[in-house]
C-alpha cells in the first residue's frame, strides 16, 4: 500500500505545476498563429516551449508508472496516456503535439476529484473552442480557397459549429481542417447531451411523484408498530395477572 | 427577523412597478432602431427612459441592500446584480445598458415564486428573441457588408439561430453582432435542453414501472397487520381465560 | 350522466367519417398547388371541398357543445376549437383555413384514446412536413426572388428545417413563408425532444438500479411475518396449557 | 424444442461468416465508386460479389425459415427480412441492393446478444456515415449541377448532415441524393437522442435521491422486528411461569 500512497502523493503535488504548464502551452500554441508573420526566433521559442510542456507531461507519466503498485495494470488502464506520450515522437507535427498534450492535460484534470462535473464540462468546451479555432485558423490560412483567415472568423466558425447552427458563411475546405471540424461537431453533440441531461435530471428529481406510495407504506409500518406495542402491553398485563395468582 | 420581513415586503410591492418599467425599457430600446431615421429628440427621449429604468432597478438593488439582514452575504450572493448595476456607469454603451437591464429584470423575475418554470422559460426565450433581433439589427445595419438590414430579417435570423437551424442566408458579419449571435446560440441549446427535459420528465413519470414491487410491499405489510391483529385477539382471549380461573 | 354518454357516443361515431374528411381536405389543399396552372373550375371545386370539410368540423363542434353537460366548462376548455372554427369566417384566407382545419383535426385525433403517443407524434410530424411543404410552396412560388419553386424543393427544404440541419440552399424569403418556417422549426425542436425523451425513458427504465433496496425491504417484511406467525403458534400453545390446567 | 435448438445453433455458427461477407460487400460497393473510371471487368466483378453476398443472406433467411418451429410466426415477425430478400429481385438497382443488404446485416447484428447497445449504435452510425457518403457520391457525381464530386466532400457532407450542423457548402441536388440525405438526418436525430439519453440515464442514476425515504422504511421495519422479538421473549417467559405453577 506504500507505493500506492507515493503515487497519490505525487499526483497531488504535481497537479498545480502541470496546470500552469498547460496554460503556458496554450500561450505557446496561440502566439505563432495569432502573431501572423511571426519572426523565426519567436516560432522556435514557442516550439521549444511546446516540447518542454509535452516533456513534463511525459515525465509525469513515467514517474507515476514507477511509483505505481501494479505496473502492468497501470499501462493497460492508461494506454491512451501512453499513446499521447508516444504520438509526437512518431510524427513531430504541430497538430499532433496539440492533440497529445490536450489529451494528457484532460487525463490529468479528470484525476482532480475536487473538480465537479459541470466545471469539467465547461472547461473542456472552452478549451475545445479555443484550440479548435486556433488549429483551424493555422490550417485554413494556408489554403488558397480557404475562407477562415482571421482569428475572429475562426472563433465565430467554432461557435456556429459546436452549437450545430452551421450558417456556412465560413467552413473549412482542407482535409485537415475538416477533421478538426468533425471533432468540434462531435463535441457539440456531447455538449448538447450534457446540457439536456443536466436539466432533465434536475426536472425529474423535482417532479418525482412516486413518494406517495412510499409514504403510505411508511404510515402502514408505523401503524403496525403501534399495534405490536399495544400487544406487548397486553402480554405484560397478562404476565402480571399470571404472577399475581 | 424584522429586517428580513421588510426586505420581502419591499420586494413584493416593487415587483409590479418594476415589471411595468421593464416593458417601458423594451419600448424605449426598440423605438430608435425600428423608426430608422429617428429624430434627435426622439433618440434623446428614449435614452433618458433607458437611464431612468436602469436607475429604478439600481435603486431597487440599493433599497434591498439597506433592508437586508446580512449585508455581506447579500452582496456576495447578488454579485451579478451589482455588476449589472455598475456596468453602464463604466461604459455607457447602449448594448451594455440593454444587457445589464435584462440581467436585472431576469434576476427580479426569478424572485417571483408564483411564476412557474415553463412561463419563465417561455418569457426568457421571447425576450431573448426580441432583444437579440433588435440588438443585431442596430449593430449590423451600420456595417458595410452586413446582410441583416430590416427588422423582418433580424427576427427571421434570430429564429434560425435559436433553433440551431442556421440557414446562413443571413448571418452577422461584425464582431459585436457575432457576440450577440453566440448568446442566442447558447440560449437555443438551453431551450432545446429544457424542452427535451420537460418531455422526458413527463414520459418517465408516465412509464414508471417500479410501482409493482412497492404495491406488493404494501400488501405484505397489510397482511402482516391482519396477522398481528388476530394475535392480539388470541392474547385477549387468553387473558380472559386466565382471569376467569 | 345521460348527456355525457350522448356526447361520448357521438364523438366515437363521428371519428371515422371526420378522419376521412381530413384526408379529403389534404387532397383538396394539395391539388391546386401541385397541379400548378390549375384550371379555374378545379380551384373552385377544391375551395368548395375545403369549406365543406371545415364546415363538417364546425358542425361537430356545435353538436358536441349541444350534447355536453356543462356548456360553460366545454367552451372554456375548448376555446382553441372555437378559435379554429371562427378563424376562417373572419379572414377567409386559404392558409388560415389550413391552420384552423389542422387544429380541429389534431384536437379530434387527441380524443381517440386508442392511438398511442408514438403514432400520434409520427402522424403529427408527417402532417406538418406535408402541409408545411405545400404551404411554403404556394407562398414562395409567387415571390420574385424566392428559391422554393417545385414540390421536390419544398419537401427537401421541410426536412432540412425540421431536423434543424438547415443547409440554406433553399430558404423562404417572404414574410408568410418565414412564419411557416418558424412553425416547422419549433415542431422540429419538439420532435427532437420527443425522440430523445423516448429513448431516455427506455434507457432509464432499463438501467434502473433502485430495486435492490426494495427487494431487501420485501425480504425484511417476509421475515417479520414468519416471526409473528411463530409467535402466534407459541401463544396458541400457551392457551392450550392454560386451558388444560 | 429440437428444431428451435437447430435454428439457434445455425444462427450462432453462421454469424462470423456472414459478418465477413458483410465486410466483403462493403469493399465491393465502395470500389467502383472510389476508383472512378472503373474498368468494365472490375465493375462486373464487384456486382457479382454484391449479388453473392445478398444471396448468402437470402440463403441464411431460408435456412432459418426451414429450421424454425413455427414458420407462420417466423414469417410474420421477420417480414422486414423477407422484404429485404425480395427487394433486389423486383428492382435490381444498385442502391436497393445496398439498402436490402444493410437491412439484413443489421437484422443479423441485432441477434448477437453479446454486442452491447453502445457498440451497436456506434457501429450503426459508422456504417450509415460510410454508406451514406458512398451512395450520395455515386448519385450526385452524375448530376450536372451537383457539388459533391469527391469522396472527401461526400464524407465531409455526411458528417455535417448527421450532426445537424448543415453548413450548406455541399448539399445534394438530385431527388435520390436527397432521399439518402433525409435518411442520414433522421439517423442524426436518433444519434443525438441516444447520446443525450445515455448521459441523462447516467446523470439520473448518479443524482437519484429517493433512497432517503426507503432507508427510513427499512429502519422502521427492522425496529418493528426487534419489537416483535422482544414480545416473543416475553410470551416465552409467560409460558415458563404458566408451566411452573
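Per-chain numbering from 1; labels A, B, C and D assigned in written order.
One rule holds in what follows: a residue touches a chain if its C-beta (ideal position, glycine included) is under 8 Å from a C-beta of that chain, and two chains touch if they have at least 3 such contacts.
Quantities reported herein were computed from a predicted structural model and do not represent experimental measurements.
With chains reduced to the mean position of their C-alpha atoms, the one farthest from chain D is B. Shared residue numbers account for under half of those found at the interface formed by chain B and chain C, and the copies are therefore classed as meeting with different residues.
With centres defined as mean CA coordinates, chain C is found 40 Å away from chain A. Centre-to-centre, using mean CA coordinates, chain C is 29 Å away from chain D.
With touch defined as above, residues shared between interfaces to two or more other chains in chain C number as follows: 164-168, 192, 196, 198, 200, 204, 208, 210, 214, 217, 221, 224, 228, 231, 235, 238, 242.
Taken as a graph of touching chains, this assembly is fully connected, with contact between every pair of chains. Partner chain B is touched in their complex by these residues of chain D: 164-168, 196, 200. Within the complex formed with chain A, the chain D residues making contact are 152, 156, 159-160, 163-169, 191-192, 195-196, 198-200, 202-204, 206-210, 213-214, 216-217, 220-221, 223-224, 227-228, 230-231, 234-235, 237-238, 241-242, 245.
The residues of chain B lying in touch with chain A in their complex are 161, 164-168, 171, 173, 175, 178, 181-182, 185-186, 188-190, 192-194, 196-198, 200-201, 204-205, 208, 210-211, 214-215, 217-218, 221-222, 224-225, 228-229, 231-232, 235-236, 238-239, 242-243.
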